[in-house]
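My structure is below; once you've seen it, I'll send some questions.
Letters are used for the chains, namely A, B, C and D, taken in the order the chains are written, and counting of residues starts over at 1 for each.
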Amino acid sequence: MQLGLVGLGKMGGNMAQRLRSDGHEVIGYDRNPESNRSAASLEEMVAALSAPRVVWVMVPSGAPTRATIADLAKVLEAGDLIIDGGNSRYTDDQMHAKDLVEQGIKYVDAGVSGGVWGLTEGYALMVGGDDDAVAMAQPIFDSLKPAGAGGFVHAGPVGAGHFTKMVHNGIEYGMMQAYAEGYELLQATDLVPSPDAVFSSWQQGTVIRSWLLDLLVLAVADDPGLEQVRGYAQDSGEGRWTIEAAIEHAVPMPVITAALFARFASRQTESPAMKVIAALRNQFGGHAVGTAGSTTDVPVS
Amino acid sequence: MQLGLVGLGKMGGNMAQRLRSDGHEVIGYDRNPESNRSAASLEEMVAALSAPRVVWVMVPSGAPTRATIADLAKVLEAGDLIIDGGNSRYTDDQMHAKDLVEQGIKYVDAGVSGGVWGLTEGYALMVGGDDDAVAMAQPIFDSLKPAGAGGFVHAGPVGAGHFTKMVHNGIEYGMMQAYAEGYELLQATDLVPSPDAVFSSWQQGTVIRSWLLDLLVLAVADDPGLEQVRGYAQDSGEGRWTIEAAIEHAVPMPVITAALFARFASRQTESPAMKVIAALRNQFGGHAVGTAGSTTDVPVS
Amino acid sequence: MQLGLVGLGKMGGNMAQRLRSDGHEVIGYDRNPESNRSAASLEEMVAALSAPRVVWVMVPSGAPTRATIADLAKVLEAGDLIIDGGNSRYTDDQMHAKDLVEQGIKYVDAGVSGGVWGLTEGYALMVGGDDDAVAMAQPIFDSLKPAGAGGFVHAGPVGAGHFTKMVHNGIEYGMMQAYAEGYELLQATDLVPSPDAVFSSWQQGTVIRSWLLDLLVLAVADDPGLEQVRGYAQDSGEGRWTIEAAIEHAVPMPVITAALFARFASRQTESPAMKVIAALRNQFGGHAVGTAGSTTDVPVS
Amino acid sequence: MQLGLVGLGKMGGNMAQRLRSDGHEVIGYDRNPESNRSAASLEEMVAALSAPRVVWVMVPSGAPTRATIADLAKVLEAGDLIIDGGNSRYTDDQMHAKDLVEQGIKYVDAGVSGGVWGLTEGYALMVGGDDDAVAMAQPIFDSLKPAGAGGFVHAGPVGAGHFTKMVHNGIEYGMMQAYAEGYELLQATDLVPSPDAVFSSWQQGTVIRSWLLDLLVLAVADDPGLEQVRGYAQDSGEGRWTIEAAIEHAVPMPVITAALFARFASRQTESPAMKVIAALRNQFGGHAVGTAGSTTDVPVS
């Protein structure tokens, strides 16, 4: 089928390639003229599509996605469908759908997982929206998803796709941190000369085998002991939103929260909180001051 | 090759079956006369083995394993090998090896993962010990492990096998809790009618696909919404030891610790700590007392 | 000076009493006709005040406070001052101030701590707003605050008062949970027959002596072992907002978050997350099934 | 009364001074000849005391305390009493008491809180031991403790004193971290120009007023914004033991554990765990690689 695709970066570009190789006609647009775009403007892209049109938005979440959808609303017409495949917050989806429904434009949110491996292995899709809207784009979803029974879920109404993807990423944070803590403990002991060899062996037969474990084994194959990588990690929104949703629903999420906070801490050169601890220890115990030559340095508290 | 195997329960029994089907001669002993044992006593089992003997101990960790190894030490001789395949703490291994070396008996510790699936899929093995001791049992390890390059690691000297298995289980705790928190949040929102369907779809193409996820999908297939299972979880030692090792090595492990504490909390009908919170709230705010009919119930604190 | 006071519940009523006993004229209004109100409507209250008027709002945060401020905006005039002394979120303050500035009405937010003890001991005040607005109400603040150098801070511009109070309550959550965990551990050991006696002794000379500790000692004096109180705790907004602010500013807050999550968990009769853990343990280990009579129940994982 | 005191460092020296000023005769010994010691050896110290003797040991916990008690056992006799006032683990106390009872030497463990302020304000004491042993030293305890009803508790049998002190310190960790997190969040917002002023104001009227808060206000008076102190904190044993005891008793202690882990993390220049996170993010998302000039940098996951 025909698809308009806005955003031809790493993710959008790969998705266009996978869709075309499965027989779809993709009219791509990116504001970057050096991209591999099929149209020089949103208008040109829309003009190249037959009604009812399906347009997939694959740009950064927040302001860029909101602006793109607002611009599309000016050039699309009733019966057309916009799919937001970026990493938007589910509350943005609910706002977008409400705005568009006045014009009769349908809206679907699609959480997409798979990263750079999606081109060849397929993308896991989690979509939210009305049944008829989802049905309009089903051939696209079928081509993007991996072969097999899984990899696609119509999770619920508008917002459910990104909510589900958000939870997916929250779980991902927790799992990654679990492996990370285990790796650090293996490095900390003298008993185990090669944590890398241990992780490699875990790829088969263990309870903890997973795709993330496979990726970590690839990483240590390139960089034994992870000596070349800095212990510094960004977070991309979904982790934060997961905790905000947990707070809204009064769900305890200690593991995923700890994983998020570990990333925050990794970006601090020094912890302001720990200055308070150090200052207090000095106040009640004079911990900074040693009494040389005494047998008696009972820590005071 | 020949192997003495002490302990023919769920794990030991399956392992004996897998080894025999691969051509090994297993002389099994269990103190339970109704087990499928080949020998009626440790002495009888040892008498049936040619020197140098290899005996695999597969009994509960702690006192039962310590007693079994002490009994074996009386009937084995220099050059023989004892493998502790149970879930012993690595510090027990170091004690056992030290005791046995005086008699010239070799010692290897083997962490075994794979659960009830190991019989058909193979067991992941993490072993600790001297090279010559490990080599003596390599044919056994090769038959127990899954097909493929992974599933076996000689992790280091005595203790390294169980240390590695302990860390494996710690990671398992964290991963399981990450999935669990995500599942709870999906259940808490009205947006997603079927968290079960979401988890099923995640088996393909996602970053979080794993064997544990596959197992969870099997579980919800049997019991949709997990309505039949109680929210109550035991812990089996390795999680606790992992945190103790983290404390020893000053390694922060917030995720694995949170997962362990969630299990502790699941076994309390009421939290004693939260009684303190409730009592304090009542003291400073009279939170238990409402003023009916007033617009002004500003929570006091 | 004159003060209009909207909301005569537990907090507002006590504050009116403290202000009057210090010589101020308080015109109180509450929508409840059975309250001890001086005026039967906002209009009547405002009519009783000389310009420029100062009106203190002490009603529940969220919709009630927003509605009260909107109603006041209709009857106040340029140069008057509204103080929100409730537990509003600081973002609400910023919205209120922006709305009111168009009419020339000044706005101050005041976080108030002290609970039911404030009547006699004074209320700690944290205020946000422009210098001239804060100055208009300084005599009121001076009467409400405790004697001594502390107990009042002009924390910054509009919103700073409630932001500061929010952080205060976040810290309170963490401190309370620290005592609670310690109390639970003392109860869990056989070594210490009376945790209550221990806590009582801690009121003097220790590093951890505090007003909260004093309150806890009062609580255990009334209810030894806290046997009469349920381990169930509400949370009142500020804890949640503190974590949301932490997420916004990428500040790791493991302790305050753990305290909040402990309250969430206390309100669950069963943890949905732990059902996942239990289901998984059953899948890989058949943990629900014991093999009676065997020596070999090595937990499988 | 007479007291032998081994260890004349910061804590022991101050305690000797407080006891002497209250009329006790203190025979002090320290292995450091430059200390203010009354005796040049343990033997000389013991010889200066009339039976039944009371000797207070105030040296670092672990090996030094164990060695000192072993040495004292050689020179004391039946009916004498040893008090360990250091920061020993309660399990060491149980071992010491068991060893000494064979010689008829009594044993009491005393947890001491108060730090450098104890000299003037008194030390909070938590003691464990038999009634008759505690009674022998009651005049010493009475002089060391602060004036007032609190500050002393006979918490239970041998070990209960140090167990109680351990829990006290665990609570202290949690409280300090709660203040620290709040301070960091106030620093992170632009709304509050002076977190120091806020903390100072909190000393009166608030729910969170405490001695630790008073100390923090002293600290920021010396060093506004804590700019001179490094965000680096040691831990002194009791925090670790508290978590180990929590694990032993299956008590969830998320707050105190988080406080301990924050100290561990503060001593790492880089987190090994976060290298794993960064490596994984790079594997699945190519997060280190940006596509310049594209509108489409949807984070991939």
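Everything below uses one rule, namely that contacts are C-beta pairs under 8 Å (C-beta built on N, C-alpha and C of every residue); 3 or more make two chains touch, one makes a residue touch a chain.
The chain list, named the UniProt way, goes like this: A, B, C, D = Decarboxylating 6-phosphogluconate dehydrogenase.
This structure is a prediction, so every number in the text was calculated from the model and none was measured.
J.: To get from subunit B to subunit C along touching chains, fewest steps?
T.: Each step joins two touching chains, and the minimum needed here is 1.
J.: How many hops, at fewest, get you from subunit B to subunit D via touching chains?
T.: Step count on the best path from subunit B to subunit D: 1.
J.: Work out the mean Cα position per chain and let me know which chain is farthest from subunit C.
T.: Taking each chain's C-alpha mean as its centre, the farthest from subunit C is B.
J.: Averaging over Cα atoms per chain, report the distance between subunit A and subunit B in Å.
T.: 31
J.: Centroid of subunit A to centroid of subunit C, CA atoms only: how many Å?
T.: 35
J.: So how far apart, in whole Å, are subunit A and subunit D when each is placed at the average of its C-alpha atoms?
T.: Their C-alpha centroids are separated by 43 Å.
J.: If you look at subunit D, which of its residues touch at least two other chains?
T.: In subunit D, the residues touching two or more other chains are 113-115, 118, 169, 172, 177, 179, 181, 184, 188, 207, 212, 250-254, 258, 261-262, 265, 271, 273, 284, 301.
J.: Note which residues of subunit C are touching subunit D in the complex, please.
T.: 90, 113-115, 118, 121-126, 128, 145-146, 148-153, 155-157, 159-160, 163-164, 167-175, 177-179, 181-182, 184-186, 188-189, 191-193, 197-198, 200-213, 242, 245-246, 249-256, 258-259, 261-262
J.: Any idea which subunit B residues touch subunit D in the complex?
T.: Touching subunit D: residues 207, 240, 243-244, 247, 250-254, 257-258, 260-262, 264-265, 267, 271, 273, 284, 301 of subunit B.
J.: Note which residues of subunit C are touching subunit B in the complex, please.
T.: Its residues touching subunit B are 7-13, 30-32, 34-35, 58-61, 64, 85-87, 113-118, 169, 172, 176-177, 179-181, 183-184, 187-188, 212, 215-216, 218-220, 223, 226, 229-234, 236-238, 254, 262-263, 265-266, 270-287, 291, 293-301.
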